[in-house]
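Could you have a look at this structure, given as structure tokens, before my questions?
Per-chain numbering from 1; labels A, B, C and D assigned in written order.
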């Protein structure tokens, strides 16, 4: 029981500077069955204080911020045995186009944490990213290729391609850390191509070409992300969970293609 | 892996007539790891055929429709071991205002089903409703009452009140059935007051008065719904699960108040 | 001053049957400056009565329904000198894929009307449609073609393609009528290709091929729609206005490409 | 014809500090009828360069930023005779609750500009704000008061109250400036009460009390804003336009109450 949709600007440390992120926070505690109402204003106070404090001392990440909120919630609601906080923010990274131009790209990053009273060191932390990129369909490409004469050997074959939206969310086991930037890179590498806000003509052609050399179903995107994550975080425990959802806004349909896998490192290792 | 956001009009039988519901369907199957891509067009075909068939023979409910889609998905994707379908639709019911006027009110109804190959009779079915109503805050009311002189005994005390949006989703165990109308009634009874599209002045005053005689926190709404559900479906098995989420769009804040409980009949019986 | 977001199911006559449309209605009147508040419940009553009446006698179109609401609003609010109503509904049409399969496709249709007291016969009526289709980019295609050797003469060249969302809204002059179906057809013909909910492999390839034979910028879509409308409604008066907005959800960018023209038949005839 | 939904973080000067605003920009130019396609990448380049420049030299406001984008668009698209840019951003201001506590509140601010070639000094600039606050209904209050005995003289009477969302957009005539903060204050003063993210019990009661002492229909909110604007910007020319839209998310209905006035300073002065 708590509050949803609290909007705040917060100061976050990056390696080389301090950035302002506009976060939206949900914050909850449980309520003993013998208590009629809780004091929701405390949830918003906690969020406000931590955000205020970030002006003096920027937080190191929205994961840390989320964890701090969880801890303060438990202290402030002395009757609660459980607290949870969830945060989402727009995030920007500088990217290089195929021909090497700089382009500032937008993403969403997520963090959540849950704590039980008495087990404050065992917080359950999760981190996530939403990345918009591009998929080109392998199926239409193959059908069209079969129809064309042999002469097209080595030529790129037309197919439908579209905006793809992929979300990864995973546990951050105790003693480990995950950088949102790394997850964003994993996702972009698994798509037919990343997308860019600025593309001059040669760059535009190159992005199209690469996407067509790398056609992907949504289920390929999911599979390739999971495989890269298993590689990258090879020392994560078996019970760490990870969920990947990829949705292609099909250019040839009015509906979307969708694939999801909600699994654990243990299952991935089988 | 499948399709999301497929929109169709479907004919549904009601006790006294046939109504058209505009449904949005998501439909998925799993994919063996040795298969590269599935045939998503089959998912949309299945949905289309069942909707077409409903013109000749209206379906009995969106729960049944969802289950039929699941079964056809497994037949059509011979390699799949699992299928899932989810449906949402706008739904309208005639209501009586406090003074007895008829008013047509809008709701959302949900249905989902999952089947594993070889266990077709053990489908996991869920049904849900979203209801918009009204809550009046007990806390502000009490603070204000304390400030007023004794003379106000029995007079309604001002407080903030607001639109509340509550969602119930629950398992439909095998051998049982749940009517969406019943769930809608359970939810409306648990709010400070239902809301109505048409209210002449006397009716408007009466709705306001009733809401103030019945102040509720979001956590009260959740608790009262669970208690009514336990009563109404008293023969449901212990492992049947139910989730209630209630969100009040607080008139005095820019954020929302939120309560949720995700539990089972077994836990509720403790 | 009025109400927004009133949801109702309404019975509408089609050439061969009666369909149920779920409409969302906004309804307004003006208020003389010496009046403090109007009686908003009358707006919702008017909508409710016309919708109820449609059960006995289906309305002929949402344009007519919108006009009826406007007239009743003026009667019921005797102090008002002006009324306005706006309606939007999901709408479905059966389409044929390139290879001749039937596919039920979803659209949005809009209608609005405004009346001034004493000029009830001079209602300003507008109608509109929103169509989702597909555009393939001519620019990337040309750049890529320039890079490829001469041998590719007559072969389809890859490019980025994507979901396109186009809205047309136009005046319906007194004495004329416009069928939403006709506007939908005009829009679909102006895109690189219409899109379809069900496409088996051969059909999918054919849609992709046609889109690549017919590359379009958003500004081409707008221009071609205006030209077709000028042809189709050639006897419309010069002061009839029309607005076309086309947005391509670019597969290679995170932002959209957008073109709009808000013009009159007179300007188009210059 | 241009781009919509370009997201960027931009550095903006405030009296006492530099803040980062996450802006969403739409940017357009016209296209001579003899040109087939324009170079949309230039629009995004222009936005990117101005945002980059803001890191070195923060922009003075999003109005200025929008105007700069317009000017660069005309320079970069040498064939265009017209350019337009529109910007929206989340914005935060520190407020004091009735009992004097600080609370950081969120708003939206808008800016747009249009320029014609050769008339660069005559830019049409507009600025706007969206404010969420609270309205309490005068009508239900009056009906209920009539029903209660005389003893309640001077006691606050219950009524329905709810979240209200009000948008003001107005011209910024050449030679004048408008501070978004001022518009936000005008709007908050015209509601039954502003709302606050943090309210301890006494403050909560006070906000409720003030809202009930100050009941407002949406049309009152619109009227009071226009009157305050006419006062505050008393030297604005007659042709400067202003539009106010106020929407109350009625706690007793599922639909909203809405009032709008789109007028000019000249009309307001009549």
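Going forward, a contact is a pair of C-beta atoms (placed from the backbone, for glycine too) under 8 Å apart; a residue touches a chain by one contact, two chains touch by 3 or more.
For clarity, every value in this text was computed on a predicted model and none was experimentally measured.
J.: Quick check: more C-beta contact pairs at B-C or at A-C?
T.: A-C
J.: Most remote chain relative to chain D, going by C-alpha centroids?
T.: If we average the C-alpha coordinates per chain, B ends up farthest from chain D.
J.: Report the inter-chain centroid distance for chain C and chain D in whole angstrom, where each centroid is the mean of the CA atoms.
T.: The answer is 29 Å.
J.: Rounded to a whole Å, what is the gap between the Cα centroids of chain B and chain C?
T.: 31
J.: Provide the C-alpha centroid distance between chain A and chain C, rounded to the nearest whole angstrom.
T.: 35
J.: Give the residues of chain D touching no fewer than two other chains, as numbers and ranges.
T.: 6-7, 44, 106, 139, 197, 199, 201, 204, 253-255
J.: Which bits of chain A are touching chain D when the two form their complex?
T.: Going through chain A, the ones touching chain D are 6-9, 19-20, 22, 41, 44-45, 48, 51, 90, 92, 103-104, 106, 197-201, 204.
J.: Which residues of chain B touch chain A once you look at their complex with the stated criterion?
T.: Chain B reaches chain A through residues 1-7, 26, 28, 31, 36-38, 40, 44, 138-139, 217-220, 222, 247, 253-260.
J.: Taking the touch rule as given, give the residues of chain B at its contact with chain D in the complex, in rising order.
T.: 105-106, 132, 134, 139-140, 143-144, 147-148, 151-152, 155-163, 193, 195-197, 199, 201-202, 204-205, 207-209, 211-212, 249-255
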